[in-house]
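You will see two complexes here that share subunit A, one where it goes with subunit B and one where it goes with subunit C.
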Partner chain A sequence: MMRGAKGGIGIIELLAITAGSIVVGAAAGAADLEAGRALYDDKCAQCHGLSGEGDGVAADALDPRPRDFTSGSFKIRTTPSGELPTDPDLASIIERGMPYTGMPAWDFLGDEAIANLVAYIQTFNEDFADPEMRVDPVEIPSPPAMTEESVEKGRQVFVENKCGECHGDQGRGDGESAPTLMTDAGIPIRPADMTKRWTFRGGSSRSDIYRTFTTGLDGTPMPSYADSIDEEQRWQLVDYVYSLSEDEPGYGSVVVAQPVEGPLSLDPGDGSFANAPVTRFPMLGQVTDPGRAFAPAVNAVEVRAVYNDEEVALLVSWHDIAGRREGSNRPNGRDAAPADAALSDAVAVQLPSKHGGTKPYMFYGDPANSVDLWFYEAGANEARVYLGRGEENLAPAPAGGDEIRAKGVYEDGRWQVVFVAPRGSGDAQRVPQETFVPIAFSVWSGLARESGNRRAISSWYHLYLAPPDTGEAYKAAGMMGLGALVAELLVVASVRRSQAGGQS
Partner chain B sequence: MRHISTKLGRLADLAASMAVVLLIATPAAAYTGGAVSNGGSIKGKITVSGKQDETKEVVKDKSFCGGSVPAEKFIVSGDGGLKNVIVRIDAIDSGKPIDKEGNFTVSNVKCRFDPHVMVAPKGATMKVRNDDPVLHNSHFYLVQADSSKKNVINLALPRQGVEIGKKKILRKPGLLSVKCDAHDFMQAWIWVAENPYAEVTDASGSFNMSDVPAGSHTLTIWHEELGEKTVDVTVEAGKAANVDFSF
Partner chain C sequence: MPDKQNGRGLPVIAQVALVFAGAYLLLRFSVQPPIPSSVLGMYMFFVGVSLMLFVSSDDDRFAEFKRPLIQLLTAREHKVPRLVLGTVFPLLVAYLGYAGAHTEIAPPGQQRTVHPAPPNEIDFKGKRIDVLTAENPFRHLAEEEPEAFREHVARGKDVYYRNCVFCHGDNLEGDGLYAHGLSPIPANLADPGTIAQLQESYLFWRIAKGGPGLPVEGTPWDSAMPAWEKFLDEDEIWEVILFLYDFTDQHPRSWEE
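Entry: the complex of A and B
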């Protein structure tokens, strides 16, 4: 509207003068629109588009897509479902950013610049200028104390109000409706994984959660419960949701394997795993080689490991909103899978073929330094072994090599896949004790049509077989972990930059 | 405030946009209702041939909803009468009174919306209710001129018996598409009318529009699959004009 009016003359300008007084007193306040526009064109337009339609140059690589400001639909609001956000709502989300989406936090710009941006993005939708379309926010009272009792009651509220039909009974995002959910724009959307509060777009405080299900997230299936859950029960529900997750992802960089007596089990429920520490690794989209995954379905894997004299067992687990066993999958290839091909879920563990050499290139190795890839395909419920000398040079390992056993179980939104592999001996020793062995992971979600190069990847981390005296091992792992962490973070940061943070 | 003098040009831009909005927001002629003397009526039958209803596969809550539900797009009587067609007059600025106090409810019954197509006056309260023991959500969209959809409201109906009334749903006139995200096969349509001359055809495909001021009018005939058609009709005082239309 504003853009159209901009070229206008005569009558428009006349009207402008008569309407001017309204504007000064209304939403625009004292904001500097010109400064807002300049900042927007510089910092926001590459994603949100010069005319605010969410179609900037980077938009196609992002899921969720950048907001289309002309739509007037906003996710994070203190106002009721379907209403425009308040100015403070917009300022707050610009300041905080939206975790696990492409939307960065802009707090460093300062309050005044953000106020100018808020005023400017409102010019993309005419409703903002209509006082009748601006409604009061819903009141978010200050949270009562969280108690064991409130959490337990909240579990009831969760069940009665069937949050699990979208979010899954355990809150892992795997509800019965999850695979069919779409945004208003018709793009598949995954319900939030409540066991990973840090991924919530609108923040993870108890007040944020209260606001989310009270007002709903416009543009998505997440509905408003403002009229269907009473105040007291709402805080109980908040507390239950809050209790499902740790505060922080606590990403690590080393899997510390525990020594065990006797043979290793392929059963993820085996007691030996329960005593092994869990390490969570962030997963990002593979965006270097063609067949990229800009918005992979899986954002983390959790790994535990145990070993005995001959073998090492890894329990790799991750959350996906559906577990797909139909069909097959493949670790590499640039082309998308044919639309009618059923794609099963898959996971792969990558290690250098030889211990002690140069760390191979993380995308399936390089000609000089090969990798072994243990590729578990849910369709077959077993692992195949590949030898990689680069993304285009990954082939089934020659016959007669090590046999890798693997089995997977999908339940309540979580895959748990156990790999058992020989440790090798002598020169062929692959995972010696008390050594930091490089290790990396890939995950494919069949539902999200991921296959070949279209996958979620971790960077190189380490596997460390702790000696029986674990106290010392932890110290060593801690030291190594710190160095590795710094190095790996740099890699992750560069991957993140190159994909403009488009993971969810 | 300190920017007002230096940034007058930009302010004028915003002001201009506001002014245009104000112009649009003030419709040239709002509808006024009153007694209609010398009115007539328009009745008729909408028919279609060679169309059969489809079923939609149920992917969720199968034990309660069943394996499939009718799409309800083509409910056709033995002689071709088509149910759920909206017949309306758009360009009319006075006539019989418009009733905004009535009961306008879309119920969720057996995993379908009931009714499938309805008319509700702008400014009235729209109610949604859940008669099922499963969760539904009623997600309203206003269909735009370019047939894209604009979000209006998304209300959770988590439990049997939950009923919610909202005026805001009927705030703007036009066609509302109602969806349930929990059951992607569910669909209803609501025509938000600015005047009382909008009817939905019954099971025999018939409609009857009473107390239409005498004169010539344009009937708009809408069906969710077959689209929109217009027919001109002249109403004479005390008489029933007949409009039969075949898609």
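Entry: the complex of A and C
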């Protein structure tokens, strides 16, 4: 098959350009602008726009929006607030990408190609060409050891400098002013959730965090504290921020429910949940059905579960920068909610209606295999049950839905919603023990105006009711250990006896 | 009794240990795909038995093999190592017992055919499309009108970055913004094992009907791949197909090949 002349560039050409630029770069000690342009038009323009204005075809669906290179304003810099980034700053962010945004990591392009891109994107703003506008980076010293004391002192620095006004007292992004924050371009922006370090745009190492509040994130409300916090306190603050989060999200795939005695509680603070393991699931934009959510507010849920003979209780929690109880919400529908309607937060748990049949389609089931949707609406502070046979065919459950109870609490940036549902029996068996029951989640943020299909979703995962721990593993360990000891003593005894016999 | 009776330098017990360890490393690390641990345990059992047979087949060799062991178990000067070994061994066995009885809770694996057989024909917004023979209406332009062809590719690129990039990623490698939360993960379209193995009409079917259009062996219930007929018209689908091959420098499979 023949292929026509090409206007864009393919892998081979790309390699050639990269190889060529190595030669050129080595000879002239300078980047190759033409190569940079070609690569930019091929790989970057779809988001950042052909003329660098951040208006590529994909831009409207991205939040945060792609950087407008003509503005000269960059988030991740080692230079003081308001200054242009250095070449290595740009190269490093292109190479590393910006986690949980549309900006991917381009490390596979190689250093030379990235250097060409850095040179080319600087042509979009003439200040880059003016040596007077280029300033020296601030020094980022190597981090001192992190100690319990530095973390404690860092908490004080956090409080004194009012980081919590935006980031929330517990760092979950729920500060008082969080819902009102805007970028310089007038687009709402959420403060970082410090309990999820892996989502930091500029990287999650201690040096990255130091750089963030030393130089600030230009174009956003995140200020520079270069003048107000001295170096020692800055490291303490780094350590405090660092201590709020695990290293990795550690996403899981099974909620393991623990058996408990007695009735199940709707109180998320109930002690029985404390012994149940937490599983974190990633939440994604619902982009499969019309009414798509390209940048949902919520990026993960954490789930625990307990059960007794009759019922199962799920504690679903997630972070949002505000908890909305005003108004109402709904799980289905393609159209955006009317602009004047107050939207409350909501969460839904989805399970197959019938145990053991064909798995229903992950988006609200299909005509042949329906799902039960336990929909908790914060406005009403209760659950409604829906029966789903597809995105366009989700209706209140005909009967028997009201035995599912739910209550939610929003505090310090975290929703905790408890669902208690009958496990069912016989034909209506819903959640049998020691079986992997498919389970999926949806979350709606009222503040972000999510409703119906505009929501965060998870894939299908599993709920598993673990049998009571009868200590089988310890029993096995004890028996085998003891067996080994006895065997050992017998061998020693017999060897000694035979040796003694042999000598005599 | 001469110390190195078989004249081969290493004491018999060390030889046995070396062969045993060597067999383990070989089986454990050099075989692909990796041998399951239960099978590995069985193999190692046979290796152990064979070594014992070898050692005991010759009386002198057996005696030499046993000597250091007997010394360890009886000699006064070996008291400390004896005690250490005597404690460590039952603990190790106890741990194995624990690990054996304590299984991780993991859902059963699921069989899935990645490129299942397509239906013969599909209904696309009221139009019949033959999945085996339909041709990309713009493909012939590649030779006849290269400029018009480039325009269709460019339009396909726009379609891709407006719709597909979130899952299939900027470089078409299946690693988009949402890929970490999907199972099955989005197809890596740059991999020579995907679109280069398929006809354009097959891609048309997969794109138009998405996850819900898969047969059972393709686990339609788990696939987040949208049915793009809900969003795109016929031309847009053929154009984005042009772009997929163009960007990854691949060619569709055709019947003539």
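For the reader, a short list of remarks on this structure follows.
One rule holds for everything that comes next: the second predicted complex is superposed on the first by the 437 of 504 C-alpha atoms of A that agree within 3 Å, B and C clash if a C-alpha of one lies under 4 Å from a C-alpha of the other, contacts with A are read in each partner's own complex, and residues count from 1 in each chain.
By definition in this document, a residue touches a chain if its C-beta (ideal position, glycine included) is under 8 Å from a C-beta of that chain, and two chains touch if they have at least 3 such contacts.
Note that the structure is predicted; figures quoted are calculated from it, not measured.
Contact with subunit B, but none with subunit C, is seen for A:S81 once the two complexes are overlaid on the shared chain. In the superposed model, A:A466 lies in contact with subunit C only, and not with subunit B.
In the superposed model, A:M182 makes contact with subunit B only, not with subunit C. In the superposition on chain A, the residues of subunit A contacting both subunit B and subunit C are 1-2, 4-6, 8, 12.
Those residues of subunit C that touch subunit A in the shared complex are 70, 73-74, 86, 89-98, 100-102, 105-108, 141-143, 146, 149-150, 153-154, 157-158, 161-162, 165-167, 169-171, 175, 177-178, 180-183, 210-212, 216, 219-226, 230-231, 246-249, 251-252, 254. Of all residues in subunit B, those touching subunit A in their complex are 1-4, 7, 10-23, 25, 59-61, 134-135, 137, 139-141, 149-159, 162, 164, 168, 181-184.
Those residues of subunit A lying in contact with subunit C across their complex are 1-8, 10-12, 43, 46-47, 56-58, 61, 100-102, 104, 108, 251, 253-254, 256, 281-285, 287-290, 294, 358-363, 366, 369, 436, 458-460, 462, 464, 466, 472-485, 488, 491-492, 495-496, 499. Within the complex formed with subunit B, the residues of subunit A that make contact are 1-2, 4-6, 8, 12-13, 15-20, 22-24, 26, 28, 30-34, 37, 71-73, 80-83, 123, 126, 129-130, 132, 160-162, 165-166, 176-177, 179-182, 184, 216, 218-219, 221-225, 227-229.
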